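The chains carry the letters A, B, C and D, assigned in the order they are written, with residues numbered from 1 in each.
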């Protein structure tokens, strides 16, 4: 029979391969959170190369709007200054149209001619009349089309980047559940988009001190009552029943705090508007644990029989009867 | 042996994790349908924030065509009014070209110059001749390229958004099946696109009244005879054999109605044209249940040996022999 | 023990849900192939609606290049004829620039002005000088940008549509395999793209005649020795060992032909260039069956130790030793 | 009991279908590596067709930047030469604006007019004044918009192509693990992007010589301690415990070298910036094997409690204590 069970054990292992949260043991010795409020990892990367971990497209898509516009406008300016100087260097006799009397006026005329060429506006009030000026202008118009493709593409890429705005309950609660208790948090979709096939994965990390006083960081992916839902119109209480296999089993709130417990959440779903899979991450630290309460329902049916979901109520709780 | 079976039980649970339709128990107390005819959720969302659940890209992609064009044209108008006033405020002496004799004509000239710059048409019949006018025009041409990227991108996004046009049978039927009976509905692809790897997931929701007269809403994902098909050229009868595990087991049509049963369908497949996964949702209420019939085949082979699929026949049924 | 096995049976059933090729039984009574050479389904669809199964984006992406260019050029022409007439109707006095002496010349000038506006070229040799002409031109430039977004987007959509060019062996062979035999076909990637995580799914369909002489069409998804490969640099012999569970077990070539056997293949993989999943379909009929041969290897290592894959040799076979 | 185990065996086989690395046995007889340093396959493809394995979009996306720009600029030049000759052939009388006195000057004027039309700059200093010239210019502006859609689309496609920059340890090590030993390599994400749901698949290929001295190439997908991690902020030591099922079991480093062992790695994950799945490939040859060491941790927590990941330390190792 033992043999049979070990075969079964292997089936289990193969069916659901072990998963690790991707933090090597030991990387959690610090006091800072592992995941920031915006879902990014709270860490620095040294690559030993200048700009080693910067990839231009990544940067254009993920940087702040201020930095994005500054960089795009700078590029526009620099291009026009360079081509403006080129036209100015060639001389006014290469262009028809008013080019100004002073040298500075002539340069500005060239600069504005460059702008009109780079954007392909081409009023024609200034226009190249010699071969050399025409060649440079033909090149700039070509470059303008190609470069604006990157600028407008990245703008639209930022604009249309699949986002999720999942509202997480501010607290993680320990609520009565069946004969024992369960760890729960609540999530809801803030957007009017339709999320489908939501999956939740929850990992707990904690510190353990061995006989020699050396502290190491441990990880466990915890079992959820339900880890996948087909549709996600309202809210979802993600529920981890604390059974004997759970690291939280038999622990008091005090012990959980001493273990420097951190709960990592990864949500995944399909967004109907973007036609893409979106992800959402969150971590909870022990200050956010509340004991012996249960979540209030954040939705109700109004008099017209219509379902009303109140996002502001997500995470509200009341004392559990026990 | 018990131990062995419980291990097995856990394998099952791990292999097919429980799935919930994402409606917390209790959200179904109202009388309205949960899923609208167009597949959207029939509900409202309160976020406590102005425009809290509006995300611009989402809105541009999913709003009606009327609202979409109104908003894009408005943006075009507003931009040109703003820049038109700017040019008008600078004064006619900054531009060559006819600018009109009256003030209103001058403004309109400036407005049209703005249009010609914003769209990068740039006829040149009106053109900036001073530095200040040139700077503003250079800025507007740049903005025009960037903003039209959002406008044209969202237009193409709407245009190319993966859609599915799955035809559902108007009724759900209870047909004789093997020794018992089965709940069935029929689906077919209305488009000439090629759908592959179709998956169906069917949930039933019903009301249960406990001893205290308190009604709660229950959910069950039901077992299907076949829940995945590799190719989907014709029609597919999704078939739920009503065995002892089914909530419908042994129930009469009257009982099913009293339970306020609702059937939720989620279909998923890969569309060859979009190269993307598409989803389709549908719900059936008890008025759509028909007892003791079976579906007619909606396709036939014509004299040339060619398969003819008649979408208009999807959902037609005849009395079942037994 | 029986009970244990039935639980196990259910694990199996749940782990690998039954799959059907999506052709309802009976749809195969005709003589024509089910899948065309280009991978599309060989069938017609009746929708009972005018243009019921046409979806504009689908059409623009999948129609022939001839029809595509004809429709795009037509749209360009029609737009310019409409706007050209509008400008012509307004009268020559609304524009500066040469507008011709005859009426037909005037119309053509208006038509070309429309072209210059719609494409945002805007030479300015013809330009609107009145408010009414300017309004229409501003509208046309706006429309031009929006409409060309659909035209250029669909052109790029066609151009960048993920394709697969999988070379299939011209024949399906029955080769000796271990103690018995196996049904095999060979596939290779014609493109230099990198395909990964290839999966194959093979269904066999055949006719069965019951005691009453009524013929029905049956389906079976057959077991493959290997149904998924991590990388796909050279060729892959997809191998179905004919064991007792296979419908081909113990059948002669004559019997297979009488059963009107058809083999359906669905391949799926991830293309590194497109960063997308691609699919490929193929069907084999009984004329393509060859008995008692084995495939030749279509690759070799040259003197420099470099692997040479010869696509032209895919599907070549030699008599099997036994 | 045997029967029970064989049923179980089949469950296992069905749950995790056999996977092959996609190199047919025998394709590894050469001495060259199978996977190049850049992750591409080290091989040639013969298709028997001119340009048979070239697909234009593939080529534009994957060719070098030099070849890409050469081909785009060439296309721009060729188009303008062709249209320039067309305008020149029509004659100077079809255009207003300075067209030069010599024939060569006239051609260049036409060429530059073509550039101004193709890019839709349209200064208007040269403009068509006859019907025939206007028709050709209207066509060229239309073509320009369509063709630049392909040029700018492919530029943005190259620019935004999902990439991964996974840092692999330079060596594969055999480290002590539990009672035995394990084969390990280390990976880390060089970019600041967020990778999630990383999966690793490792195959070993080796040569085996049979009694007749004929050498054949064998493959095995090896078992990993953990083959999937939910998040990937720091580094990941992919760990293959060498148990009895492993081909490396009981082998010395000398034997591993004589077997011409090659280790193939396929990594897969979801990139948050691209919202897409990315893949990374690597192969290790026997020169990269190191025995009896263990990897150093490439990250530490600084005084501010912040996690510092040092990419330059990925792959550093120290002698294993035992």
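The definition used in the following text is that a contact is a pair of C-beta atoms (placed from the backbone, for glycine too) under 8 Å apart; a residue touches a chain by one contact, two chains touch by 3 or more.
Just so you know, these numbers come straight off a predicted model, no measurement behind them.
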Check your understanding: Which is it for copies subunit C and subunit D: same residues on both faces, with over half shared, or different residues?
Key -> different
Study note, to complete from the structure: Computed over C-alpha atoms, the centroid farthest from that of subunit A is that of chain C
Check your understanding: Counting in whole Å, what is the centre-to-centre distance of subunit A and subunit C, each centre being its mean C-alpha position?
Key -> 34
Revision key, fill the gap. Separation of the C-alpha centres, subunit A versus subunit B, in whole Å, is 24
Check your understanding: Got the subunit C residues that touch at least 2 other chains?
Key -> 4, 8, 11, 15, 116, 120-124, 148, 153
**Study point:** Partner subunit D, residues of subunit B touching it in the complex
**Key:** 15, 120, 122-124
Practice item. Within their complex, state which residues of subunit C touch subunit B. Key: 3-4, 7-8, 10-11, 14-15, 17-24, 26-27, 29-32, 34, 39-48, 52-58, 61-62, 96, 116-117, 120-124, 127-129, 131, 134-135, 137-138, 141-142, 144-146, 148-150, 153-154, 157, 161-162, 201, 203, 221, 264, 266, 268, 274, 276-279, 281
**Study point:** Residues of subunit C that touch subunit D when the two form their complex
**Key:** 1, 4-5, 8, 11-12, 15-16, 72-73, 76, 80, 98, 105, 108, 112, 115-116, 119-125, 148, 151-153, 155-156, 159-160, 163, 165, 190-194, 196-198, 224-237, 270, 272-273, 275, 297, 299, 301-302, 304-312
